[in-house]
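Should a chain be cited, it is by its letter among A, B and C, assigned in written order, with residues numbered from 1 in that chain.
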Amino acid sequence: MTARPAPSPAAPLLAALTVSLALCAPAHAQANQSRANVPPSLFQTVGKKGGTLTLSIVSSPQSFNYFAVLDNNTYTVMNNVLDRLITLDPLTNRLYPALAESWTFSPDGRSATLKLRRGVKWSDGQNFNADDVIFTLVDVASNTGLRANQSAVFKIGKDPLTFRKVDAYTVRVTAPKPYGAMLQALTFVPILPQHKLAKYQPLRDPDGFMKAWATNAPLSEIVGTGPFMLGSYTVDQKVSLVRNPNSWRRDPRGTQLPYMDRLEYLIIKSPDAQIAAFRAGQLDSAPITGAQFPDLKRQELAGAKFRVIRGIGLNNPPVHWAFNQDSRDANLKKAFSDLRFREAMQLAVNRERIIDTVYNGLASLPGHGVAPISEWYTNTRSYLRSYNLGQAGVRLDGLGYRDTNRDGIRNFPGGGPNVEFNILHAADNTIMPGIAVILQSDLGRLGIKVNLQGITGSTVLPTALAGNFESVLSTFGDQPDPQLRKDIWQPGGALHYWRRSLQPAQEGGTPNLAAMTPAERRIHDIFAQAEALGNQAQRKRLYTEWQWLFARNLPVILIAKPDSVAAFHDRLGNFYVRDNRVISSNYSVFEK
Amino acid sequence: MLTYALRRILGMVPTLLLISVVCFVVIRLQPGSFIDQYLEDPRVTRETVELVTRQLGLDQPAYVQYLTWIKGIVTEGDFGYSFVNGRPVSSLIWERLGWTVFLAVLTLLVSWAIAIPLGIYTALNRYGPGATILNFFGYVSLATPDFLVALLLIALVLNFGGTNVGGLFSPQFIDAPWSLAKFLDLLNHLWIPMIAIGLEGVAGLMRQMRASMLDVINQDYVRTARAKGLAANRVLWRHAVRNAVNPLISLAGLSLPSLISGTIIASIVLNLPTIGPFLYDSLLNKDQYVAMTLLLFSALLLLVGNLLADLALAWADPRIRFE
Amino acid sequence: MTAIPSPAAAPATPRATSPLALALRRFRRNRVGVVSAWVLAGLYLMALLSGFLAPYSITAQHPDFPNQPPQRVRVIHQGQLTRPFIYPVEKTRDPVTFASTFAENRERPLPILFFVRGDDPARYGYNILGVFRSQWHLFGVPQGTAFLLGTDKFGRDLLSRTLVGAQVSLTVGVIGVLISFSIGIVLGGLSGYLGGWVDGLIQRTTEVLLSFPRLPILLALSTIIPARWPSTWVYLGIIAVLALIGWAGLARIVRGQVLSARSVDYVQAARAVGASDLRVVLRHIMPNLSSILIVTATLALPGYILGESALSFLGLGIKEPMTSWGLLLKDAQNFETLSLYPWLLAPGLLIVISVLAFNFLGDALRDAADTQSR
């Protein structure tokens, strides 16, 4: 370690090397030049070992059992302890080997054979092999008795995938029909140790299994293959992890990862307290938003010991504005179901001002159902239209929404009541109330009265899903593969809440196809077809058509997609921006 | 007196039942349920959602859920299961109770220790500049919300390069064993919540004490005592202060439940490991048995506080009799 | 009694004046109290005339001037004394920090005019007492914009919003205290004086009320109150909710006081000679309570003003585009604001001033009403 040359002259060379790797190496073949077995894009430079990385989570983890709870804090902590078969390269968002070293996809698109990495050990010294994978996929992840099971991604329509052990280091996944998102689905599942958890018999006693690895369980029982393992947990204050001595990850020089000896998560609920802890040097990195960016950036320029960076993310949830097309109010139902009315509404959305005012300029125009940096994206920007109140007014006049009783507010056609509706939104964040106030003001100038209905953020979606709204500002995160957002965008899907009348009469039934507009019917069919295709080019063609239909038919009006912003302490290496992506990982950052 | 106390304790049972019903209804009034978060996740099937609903007993009618819960408490002392954490409610509350009680009791002691002497001082020196300045600061602290005070204090500490900006310990001391250094670190962090949360209480108590003191000072028995030639100090403490504290005893009884629900927002801003934010989360997540247990516990504290206040009042003021 | 003023009559004069006049005289001697009374009178007058005093309508958004710092009123342009004017400003966004900065254009002074009528009703219109529409304002800069207290993130004039916000903030406490005190005093008094089953019933009710979980009730209410309710209904609804929850604590205090006052000799004497219950309560017990009531009331006022802002935070409460000091202050409670937009704290200053004034006034009234002090 001491004999190593200074990192600075080596850095450009290394950067060139990793770029060429990213370009030419197919994901399943390991390049021989570098000894790294993790995405090369994680390394801006080769790091050195030692130090403690301190991050934050917003609440105590609900459990350490990944499949017992839906809890981001649990996931954040356990993602350092457990590994997936396949991960995504943070630069390209393409598949990258993890516990599966390589894979082949059969030409008919129905099965994949995965070769597991040999020599991987659990943190308690036991060997990792195909039995762990089969136990996790069959007994746990597809086990519908578990609360946070992932059977949804392991099904095509109603038919489940099957998993089979070929030998101790080979696993085969088979689908009844071609399934294009099969490998993507595997990136969700962390592999659990069979030797620790099989005794809870998850298939026979799901309740008992979900009580395993609770937050008061002995931490030595909780083992993984990941870079870290649990060290200690102080309720509501801190979760500490320590280096896993058996970690299989290597950097480009072959040094064992992680670089950091310890990883600590302070439990800090309020964003303000997180920023305070970050500025006081207690946190190495803090999650920030566009609202906080200018203040912190200014301090960075004034010599503070941290850096603030921005990039474009894939998952960052874009905000959409949805109208209840099954509104109980007949007039509103008619207006909201009319594409021309929604087009007029879109003309009244001042995206430029919203991005400038609400996001401090740190957001960009959204895609339709697909993130603009995704490989599935097609440029539908022209259909976002530009802000034009005058033209919106002309359109409304043409549709008969005129101010017939001369009180300054338009009336529904034929001398109906005033055009007035609510916008439901989360009241307890910085973004939604801002967008709502701007929409209210612009629609007011257009002669439409808007009432703001701000409620606690966590109740917005339940209220919308229950059909208890007139219009709503909400968000759904984007995913790498459109198949994974089918429930939202496919008419009749469980989360397609602005058209509840299309949802099947009973759960799992066929949606109400007869009530669909031609465009909705086509979108429904596109999702059904693409799901059962193994050919990625054909899937891409279908999803491209869907995005155009989305952009033209405005099931919802997309407003803006926030940028990724991050703040981190100066002493961290390998925390950087490349090609507009904010890149870092807990095992590749190091203390300079 | 004993029978009175017993009667009151028995009287608490129907009150608590009534409160638990009201709490349950209010929690159910909010739209949505714990299950909703599952709907949003792309990995969860409808089938799972239904299964979880059944597992948690949420498919039962509301009154059945309520009665099952109450039955569990009465027959087995079981306060139900947390939907969120998959653990019994009582163990979750238990592990958070320590710091909560510590902070609440400390805040109470600090605010009484400061407020009572200040109240007496401002009553005795009503027109002095000292009293006016104290009043002024008291009112200013009343007029600023505690979380804004917390925010300003943190901003101030940050600007002076301090690191004690929230929580009770610096990160390295959180899971360290107790030592002198850890204790000093605790003290270094403790003064911010004491100021932010305690100050409001100080101002209020000081005002009450001053008013009460002024009332008492001019009562006949105080003047009589003074006329009798008793030492001024003795009159002040034995007669005036003892009587002036009475109205504040009722207030103290009321402040017990703030142990749980008080200062939730300030606790969040200051990142204190207390039970308040836990209650807030359970309400937002609709983790109904955790929320119900905490609310019921808070109601019980209030009733007990009330009873203690009444008993203390009777002890401090023999003129009050219970029939 | 006698029309002839005589030196001997002078010492008798105080006896002839009513207790009220006496109290008033004692009140006038308290300088802090008098100043507070005037400050409050000024604030209420300001609230009444706020539409006229404010240069803009509270809903007028100026998209080109979000988060603009306060502009300075100047009287010297290029070394020459002129009428009051301001320099226009222009916004640029820093390409690195993404912070917006505003630069003054020193070439072109814009004079401030008095008693101006704004042309655009959307920017300048306001209601007087909810009846008359007007576009007249005390001052304005017709050739440009003038934001003397700066703007919020939507480019709305903070001065106008603060002035108009006073209408809500200054009345919510007073009305709320009136409602909760009338309930609290009556029920607390009855409970303490009558005792027996009445006491038991009222005490149980207050206990249930006090242990009512505030947070879930407010969360539930925030989703139940219809969004279409006009702002004034919502406003009245908030006051009613706050007051209906708020009376129980007071009832307990009153009861405790009545309990101890009831056993005082002169009250027992009054009852012995057959004075009616009502007379005993009004003439003998209530006067004893007045000082603690005044103090409790003045202490409760800031609670209502701040409580209203907490409600706004939960989504129940004053709604955009209506405004109140609590709602305005809510926008200022984070680090970015403290360091980048500190002028948004201005409504907080008014909260502090009004609460201070209420408290000092309460103090002075208490001292004035205290008949036994010398």
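For this structure, a couple of remarks:
Everything below uses one rule, namely that contacts are C-beta pairs under 8 Å (C-beta built on N, C-alpha and C of every residue); 3 or more make two chains touch, one makes a residue touch a chain.
Every value quoted in this text rests on a predicted model; they were computed, and no experiment measured them.
The interface with the greater count of contacting C-beta pairs, when A-C is set against B-C, is B-C.
Relative to chain A, the chain whose mean Cα position lies farthest away is C.
Mean C-alpha position of chain A lies 39 Å from that of chain B. Centroids of chain A and chain C (each the mean of its C-alpha atoms) stand 46 Å apart.
A straight line joining the Cα centres of chain B and chain C is 27 Å long.
Of all residues in chain B, those that touch two or more other chains are 30-31, 151, 284. Within chain A, contacts with two or more other chains are made by residues 272, 276, 456, 459, 463.
Each of the following residues of chain C touches two or more other chains: 219, 223, 334-335, 339.
By the touch criterion given at the top, residues 59, 61, 63, 66, 93-94, 96-100, 122, 153-155, 219, 222-223, 227-228, 313-315, 319-321, 334-336, 339-340 of chain C touch chain A in their complex.
Listed in rising order, the residues of chain A touching chain C in the complex are 271-272, 275-276, 290-295, 297-298, 301, 350, 353, 356-358, 360-362, 420, 422, 424, 427-428, 433-434, 436-438, 440-441, 444-445, 451-456, 459, 463. Put simply, chain A touches chain B in their complex at residues 54, 59, 62-63, 65, 68-71, 144-153, 155, 188, 207, 210-211, 214-216, 232, 234-238, 240, 264, 266-270, 272-273, 276-277, 279-282, 456, 458-459, 461-463, 465-466, 468, 476, 479, 484-487, 494-495, 507-508. If you check the complex, the residues on chain B that touch chain A are 30-33, 36-48, 50-52, 55, 84-87, 91, 95-96, 99, 151, 154, 157-158, 162-171, 174-175, 268-271, 273, 277-278, 281, 284-285.
Interface residues of chain B, counted against chain C in their complex, comprise 11, 15, 18-19, 22-23, 26-27, 29-31, 126, 132, 135-136, 139-140, 142-145, 147-148, 151-152, 155, 204, 207-208, 210-212, 214-215, 218-219, 246-247, 250-251, 254, 257, 261, 264-265, 279-280, 283-284, 291, 295, 298-299, 302-303, 306, 313, 317, 319-321, 323.
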